[in-house]
Amino acid sequence: MIAKQKLTVSGLEIAADVFMRLDESCVLEPDCQEGQNVRRGTVLAHIRGPLRALLSGERVALNFLRHLSGIATLTRRYVKELKGTRCTLLDTRKTTPGLRTLEKAAVRAGGGTNHRMGLFDGAMIKDNHIAAAGSITAAVAAVRKRIPPTIKIEVEASSLKQVREAARAGVDIIMLDNMPPGKMKKAVQLVRGRSRCEASGNLELGNLRQAALAGVDFVSVGAITHSAPNADISMKLVNA
Amino acid sequence: MIAKQKLTVSGLEIAADVFMRLDESCVLEPDCQEGQNVRRGTVLAHIRGPLRALLSGERVALNFLRHLSGIATLTRRYVKELKGTRCTLLDTRKTTPGLRTLEKAAVRAGGGTNHRMGLFDGAMIKDNHIAAAGSITAAVAAVRKRIPPTIKIEVEASSLKQVREAARAGVDIIMLDNMPPGKMKKAVQLVRGRSRCEASGNLELGNLRQAALAGVDFVSVGAITHSAPNADISMKLVNA
Amino acid sequence: MIAKQKLTVSGLEIAADVFMRLDESCVLEPDCQEGQNVRRGTVLAHIRGPLRALLSGERVALNFLRHLSGIATLTRRYVKELKGTRCTLLDTRKTTPGLRTLEKAAVRAGGGTNHRMGLFDGAMIKDNHIAAAGSITAAVAAVRKRIPPTIKIEVEASSLKQVREAARAGVDIIMLDNMPPGKMKKAVQLVRGRSRCEASGNLELGNLRQAALAGVDFVSVGAITHSAPNADISMKLVNA
Amino acid sequence: MIAKQKLTVSGLEIAADVFMRLDESCVLEPDCQEGQNVRRGTVLAHIRGPLRALLSGERVALNFLRHLSGIATLTRRYVKELKGTRCTLLDTRKTTPGLRTLEKAAVRAGGGTNHRMGLFDGAMIKDNHIAAAGSITAAVAAVRKRIPPTIKIEVEASSLKQVREAARAGVDIIMLDNMPPGKMKKAVQLVRGRSRCEASGNLELGNLRQAALAGVDFVSVGAITHSAPNADISMKLVNA
Amino acid sequence: MIAKQKLTVSGLEIAADVFMRLDESCVLEPDCQEGQNVRRGTVLAHIRGPLRALLSGERVALNFLRHLSGIATLTRRYVKELKGTRCTLLDTRKTTPGLRTLEKAAVRAGGGTNHRMGLFDGAMIKDNHIAAAGSITAAVAAVRKRIPPTIKIEVEASSLKQVREAARAGVDIIMLDNMPPGKMKKAVQLVRGRSRCEASGNLELGNLRQAALAGVDFVSVGAITHSAPNADISMKLVNA
Amino acid sequence: MIAKQKLTVSGLEIAADVFMRLDESCVLEPDCQEGQNVRRGTVLAHIRGPLRALLSGERVALNFLRHLSGIATLTRRYVKELKGTRCTLLDTRKTTPGLRTLEKAAVRAGGGTNHRMGLFDGAMIKDNHIAAAGSITAAVAAVRKRIPPTIKIEVEASSLKQVREAARAGVDIIMLDNMPPGKMKKAVQLVRGRSRCEASGNLELGNLRQAALAGVDFVSVGAITHSAPNADISMKLVNA
């Protein structure tokens, strides 16, 4: 398997699994590691096995590897934008149905950090929960009763008033939703370290660094998983 | 379905599900609610449906209902012991393989609070992790890098020295493992509210209150899920 | 894995399976056999394998082993009560949903004998079947037409009149339902060996032997599967 | 759906199921009953539903119906051969992998009786078990310890000596394996009603009645399930 | 495993799979090949493995092997009938639910050729599609838009007029439905090689050759899969 | 559900399915059709149902809808490029693992045409097959024997010599692999309509029209499925 562009590798393990499910005697010998940056032309792995299994598995294995390396490669570009800041890049739940675990691993391969995996490993209070409960304070109190003691609470805030109320309610993380950099800066100052702050919404390569410099602890970006183009990787048959 | 002893009800929903899977026309009309305390002789629910489905489902439905109500009933007794203290009763992962979700619901029905569900919704650092990492401080630092920002960290401590190190490392919860009440009290004083404290290990109805009075935030008890005897419930056929 | 109380072992095979599913290189070397009685402190088995698999599987494997050894241990106590009689201890279908096969194996490990596994390997005629058919004789005739020639028929009887009718109908087994010892004795005499007799209902350690001495062939006890407390077993990590 | 030959119907319920799985609004209205004998040209059922579901399900539904009605039709012919005798036609486990339950229902539809369904609802001791245990008596004793009290024991016997030993061992059924009618008669006389007798092996329409007249209780025939040709049934689209 | 009649072998691979699923240490060593014609008494394969696996798998493995070899054996007889003609024997979708892939392999073993596997690898336009679309020409045009460019179109024709229209519409294959040999011959002449021709409907050993001699490219026969009697094969235990 | 950009809709049916699986009472009322082009701000559908199901399903439903509409939207742009030519846009098997059926439906929604779905509905002969068989002619002959008569054969050709040989072998489709427009034109002239021609490899919006004008029947483009960015769609809660 050969990289036909500069890329960050992710997915060799699942590619190996594809071939081994077709024929247990297939062996994938990686020539690089998960998360490694490689140049165009680099050989990523050798696969040995019966011709039939190699041909049957080729398309599926490449579809995985190209998709996941595409995510790792795009994530790497976003992470570079944050260099020198204390801000961490998070992914989101905007993933391809059925592939979340693999895509989140690809984000880690690209140097990103995973946000919660699903509804079970983090409690997120959004605008409609707040509306239903009457106030942030009431919504937080209600959620606290229903979650294990090992789970943190994050609240979505779109105004400085909401930021202030969330910080007072003692939530663990405040998500600053779609705020311009100036407003974000004020929000961070209001919180004074009582909660951690996450910037979210319409963040792109162009405006990511500005958000980080506003002082937030995290920026979360959906595009790294939902809109990464495939990395160009192909497979070539060689007689052993 | 009739209670043949004083008990706390849990499992009517899954019992209903058993009958409906056998025949979609079955209807279970509950005569009491999940978590309700009832006297001996109380009718818990009426089920209407084809005779064949009622007879086929009877044993499985009762096996669920008796097992889960047994857990709720025992949990209720432990919760009563904590009355008047600020301490919360937690369950553990010592559950029957395949039934964790239902058993954790039964704990809630009995007034208990669920600890984490599995390895994915809470990070627990145990003695062997600490040994592997070199120190509590090192282990905490390593874990922090690998978990989503929404997950808390709990550390198991068996000496006051470990308690102190854990509190300094800023962990969210410290589990006081198998400590006698006096030592537990000192541990709580050492922590000074920086982390929350959980007592665990060999807690029974006889010594539970003492642990609570030592000032811990949580007590966790495996017996409520792994050793609760069935509650006595039977099903009687009536011509409608 | 170490026994932390006196117990009868059951479940080492499924515990081994838990680890091998996580990592095929795990090996469980048993230090005792299914059904063996061991003292507190006995090492039950050594498991070798990658640390990650050992830690991931520990809780599930112990949950199985503690639950099943709990059943075997309790069964052993019931079997001892029958020592010197010709009566056999049977289990029931009052098992934990999903675990019947394993729990029935644990009963055998404890020295008990399995009753039918489900609705397919034995025909049981209960009070409501009798009511629906009009009489025991009619119910037996109806069932005989619908079952394979390899299946026996058991009839539940709660009065001596029913016992007599069942014996005349040539059923294979008569279940004496909730009868006091005196009545049970009369029932056995009425039957005169034409059918085998099984005592069932409210049998406990205290009254089991009395039932056996009344002359029945079998006693069946639900508590050995549905209300056995976990046996205390733990796992300790050792550097190999 | 129309019978294109004289046949005995079986499988309308599974045919209905095929259409309903494709589209829940499909309705199959049967014009005859499971087990009914019909003439060529008889309409077996009307199916209403979306054209797409009818066309997609046609082939699969017919494949089931033709196969199962083929079995019922052939079974009926064998049952007729036994008319006037006290002998019952049994099926075997020589069924199509995956379809045993349906094929056994088709046997019942044709007037036959089901032998055991699998290894769990009847204990069969064959020549190799006997060889392994040393004698019929030893094999029976060993099996008796391991089966539920509700299961009968059947022994395969190919000589009169074996028949005698099996009857003495008190087995429930003796299978007379591949015996000519004269030998079969002697076997039945040897047994004197202590066990029931089953003739098996190379029974066809031509020699079935002779076996029955030898006095056996059962004849078992594999061909009714494993070699029944399809019954000719087709489906015609009509505008409603 | 021994052939108890002259037969064509099919199914050794799935029989091997049955034993290996029961116990991975089982090994089936074939003594002949898929599709080989063997005499009565030929040993087909040796299986080595634990006694328990051999006994448990025997019935299922034989049920597969006998069924599939029955199909291969019958197919071989049909193929012989076509000897010397340029006509190819095709199977149909009249297969046993759940076993199509294996049965189509058995047809190949017997020297037959597979028609399409399902609705996805061939487009068949039948009378009711034609009625719905208005004409063969319209139906063909509609289908052509919806199928991949790699799929051919076959049209069912029962009159010479339909044959002419189908040939003009440029379809790939024309199925001559239930035509007598004379009409078939005229149809083939009308088509003049523009499409290939397939004879279908009521073809048996007796009239198959006549159809072939009428000049069609293919004859398709449902009976080879849906009405083949089991080939007689048994398994004998030998001490190794 | 609201379009937050100009887009082509695909995936409303699977989005509806997500909600209905969570709660059968959910109803998705589409406000536009599969394949419709809509402006920014258009309401795509209303979903009614219990709040809990709406919140639980929101993320998964949007992940499907945004991904599939992204593919339809990108496909539409490619199709526009071909306007006025007789060339058809095909997709490839470069799809996301698990989602091929849905992604191919999205291609149709965008106006594209599906190439074969998998290895079963089209026979593709690639360079390594040719190498293994010795020549295109030999490879075609070998494949022809093993495929159903309803399947077409496509051959990959990278030189004019190969194109000529493939056309002579009578293959149905010739794939012109990575050829520049001039060479493509010559290939089409060589073929003279005996086979259909498909251009493939490195086709983008910029060079697609040129390929079409070279006279090929099909252009196939992997990017429409493997590198389409998500379409921006969100869901807003409204009190009914």
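The chains carry the letters A, B, C, D, E and F, assigned in the order they are written, with residues numbered from 1 in each.
Here is the rule we go by: a residue touches a chain if its C-beta (ideal position, glycine included) is under 8 Å from a C-beta of that chain, and two chains touch if they have at least 3 such contacts.
Bear in mind that the values here come from a model prediction, so they are computed numbers and not experimental data.
Q: So which chains are sitting against chain B and chain E at once?
A: Chains that touch both chain B and chain E, as defined above, do not exist here.
Q: What's the fewest number of moves from chain A to chain D, given that each move must go to a chain touching the current one?
A: Steps on the shortest route: 3.
Q: Report the chain whose CA-based centre is farthest from the CA-based centre of chain B.
A: Most distant chain from chain B: E.
Q: Looking at C-alpha means, what's the farthest chain from chain F?
A: So the farthest one, by centre of C-alpha atoms, is C.
Q: How many angstrom lie between the centres of chain D and chain F, each centre taken as the mean Cα position?
A: That pair's centroid distance is 51 Å.
Q: Would you kindly tell me how far, in whole Å, the mean C-alpha position of chain F lies from that of chain C?
A: So the centre of chain C lies 59 Å away from the centre of chain F.
Q: Distance from the CA centroid of chain B to that of chain C, rounded to the nearest Å?
A: 27
Q: Counting only residues that touch at least two other chains, what does the list for chain D look like?
A: none
Q: Which category does the touching pattern between chains fall into here: line, ring, star, complete, or other?
A: Ring.
Q: Around the ring, starting with chain E and passing to chain F, what order do all the chains come in?
A: Here the ring, read from chain E toward chain F, comes out as E, F, A, B, C, D.
Q: What does chain B use to touch chain A in their complex?
A: 88, 90, 113-117, 120-124, 148-152, 154, 172-173, 196, 198, 217-218
Q: Once bound in the complex, which stretches of chain B touch chain C?
A: 51, 55-56, 59-60, 62-64, 66-67, 70, 93-99, 119, 128, 132, 222-223, 226-227, 229-230, 237
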